[in-house]
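Presented below are the structures under discussion, each in the form of structure tokens.
Shared chain: chain A. Partners: chain B in the first complex, chain C in the second.
The block that comes next holds the complex of A and B.
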């Protein structure tokens, strides 16, 4: 079982695909759930406090906007755990959406810097492309060490 | 009090840990922040039609929401635009959305670039102004002062009091702010004495400025209102430009305001100043270092050539350092005074005036508008003839006295 970082990290479809093929998806939902369920915090909607952008300094310098650093405080620990990654380019908003383009660029750069296996795919626009899209993800996940199905 | 609904268009506050501060600032002025709900198809359409090809999806969402507000698909009383400080992409969107909403709707709009250190206190005056415009359009439409009223501007540097009777200023008081209440009491006494009236004769009282709540509560004021709307109203009233567009610039002791006004009501405004180097405080320090009274700095600056002295007062410490270096290198006091004025004007121009649409007449108000060198420097930068109305240093107090007359019984 391999920990697979998914991009967009909010994609439930991608998260489900990774889990279905026997691996652990690293997705935003889990990180955000952890934040929301942490008792004692009162900073809705995501329970991110002004302390979190400071934690993000580990991945982005102080001159980087606070929104990027706050996001990195969520995604940074996931990046460090990642053993593989699937990156979907030009995804439709309904598939999964990550709000800040600068954070997205940084995440993709840091993933590649880790030297882990990365699958780059363009978001499918036709049914035929959709079938190829799922097949490519399945093949990638099966080839990862310990892959199932 | 009716709840004002403020639509938030933003990118990043929830990830910066400041959404709570924004909500809190709104709550403290009886307003509610909400995120306009729009369909996915409307996001794509709204973004495409706006024509600004940004990469960040949250900014695309903000654009689509702005379109929905302007087209009346979503109802709101005011708009708050917030994006991360230092994000260039967001800065472009922030400015264009503010302009778009201002030009295409009657919704008051304010924008802000935040860091994780932004607090509800920092946002309070902006939120208060937004809700005032939304809630008190009828009051802000007042063009004539009636009866006998008192206005007090409890500012960060000075406290001003004005007595008005039947559309005339009949008494003024001006003192440095030390103890907030004591300064207000003393300034009022001076104004009452000059006007020749007793306090119990006053029919309505209005307060503004940093100490507005403290002074207002103590005096049982009829109107306690932030300085953005008060100063706009006071500026167009004194300059006799109550109709049509205008731009009001107030370089204060602690922060600066640049307000784009239409028919006496603020449309867009910025408030701030990165450092005291861009405020009246730097000019006070300059006057002190040159050994002249602040009232002499303006005429001195008019006789000097600012370009002869390199000075950038982005920071008050470095600005003062430039000043000391220039004097040590043999620059004349006139040139140094002119350079200081130019430096402050340039900071305000670069940091704040880029965020409002400059429309003539440009009206400068507040104590610093009496420093002629600063007014000239601002006029040179903007390439316009800057208007400084009479009693411009009493702008907040005059605006308060004017609007307070709306509270006189039977008025």
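The block that comes next holds the complex of A and C.
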């Protein structure tokens, strides 16, 4: 069983398929849960305190907007834990409430820089593409250590 | 700033989505309540939210998946149900993350088809997944050609 970074990090489909085929999906919810279950200063809505953009400096320079650094404080630790990644490229909803375009680009850059196995996809638009989509994800996950569940 | 005291510490919350011709969220909720033993279950229009200790929640999720494996989808949620920072009862309008769910649930029929057909597929057949479209950005070489063609 390996930790698989999913992008979009809020994806229901990827989160489900990774867990279904026996691996651990690294999704945004895990980091959000950790933030909101840790006592500290009241900082709604996501418990992102002024400390988080400082933590984000590990992945993004000080000139980078604090929004990117704040988001990287959530995603950065997951990028470091990830042993593989699945990226869906045409997720329009990943621009907006979930994050920002620059953070998304930085995440994909850092994933590729790590040299871990990455599967690039787009969302299926037909049933035939759906079959190939699921088959490709299963094959990718089976080839990882501990795969084949 | 005031001191923050979190609720539901050491719990997990999972969404269970059902998009099935044979099961409704109500059916799923009844099945979940049968074995819940104190775990918090909230029925929603798309399925359930289950909050409790990780092993208890996972046991319920595994149990529910068996009823319609290809049409039940599960993912983690950061916030517990009804949290005032996210619940639309307090904020009004759709919860921000709902737009992503709405989009992906509209595609779930393709995934369900894939899950149904997967066992029938030749195990050695090479998948041909939908590949991402090429970059829409203008290639630098192409831009240079355009500039040169205008200049001459």
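To be clear about the criterion, the second predicted complex is superposed on the first by the 142 of 149 C-alpha atoms of A that agree within 3 Å, B and C clash if a C-alpha of one lies under 4 Å from a C-alpha of the other, contacts with A are read in each partner's own complex, and residues count from 1 in each chain.
The criterion applied here is as follows: a contact is a pair of C-beta atoms (placed from the backbone, for glycine too) under 8 Å apart; a residue touches a chain by one contact, two chains touch by 3 or more.
Treat the numbers as computed from the prediction; the structure is a model and nothing was measured.
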Practice item. Check whether A:1 is in contact with chain B, with chain C, with both or with neither, and answer first, second, both or neither. Key: neither
Point to revise | Which superposed partner A:44 touches (first chain B, second chain C, both, neither) | key: both
Check your understanding: First (chain B), second (chain C), both or neither: which does A:13 touch?
Key -> second
Exercise for review: Name the contact category of A:93: first (chain B only), second (chain C only), both, or neither.
Suggested key: both
Review point. Should A:132 be classified as contacting the first partner (chain B), the second (chain C), both, or neither?
Key: second
Practice item. In the overlay, answer first, second, both or neither for which of chain B and chain C A:31 touches. Key: second
Practice item. Please name the chain, chain B or chain C, that touches the greater number of residues in chain A. Key: C
Practice item. Name the contact category of A:101: first (chain B only), second (chain C only), both, or neither. Key: first
Review point. In the superposed view, which residues of chain A touch chain B and also chain C?
Key: 42-46, 93-94, 97-98
Review point. Where on chain B is chain A touching in the complex?
Key: 11-20, 23, 40, 43-44, 54-58, 61, 83-87, 89-90, 114-117
**Study point:** For the chain A and chain B complex, residues of the former touching the latter
**Key:** 42-46, 48-54, 63-71, 74, 93-94, 97-102
Check your understanding: Can you list the residues on chain C that touch chain A in the complex?
Key -> 1-6, 8-13, 15, 17, 73-79, 83, 85-86, 96-97, 99-101, 103-105, 107-115, 117-118, 121, 125, 127-133
Revision key, fill the gap. The chain A residues in contact with chain C across the complex are 8, 10-13, 15-17, 19, 25, 27-33, 35-47, 89-94, 96-98, 119-127, 129-139
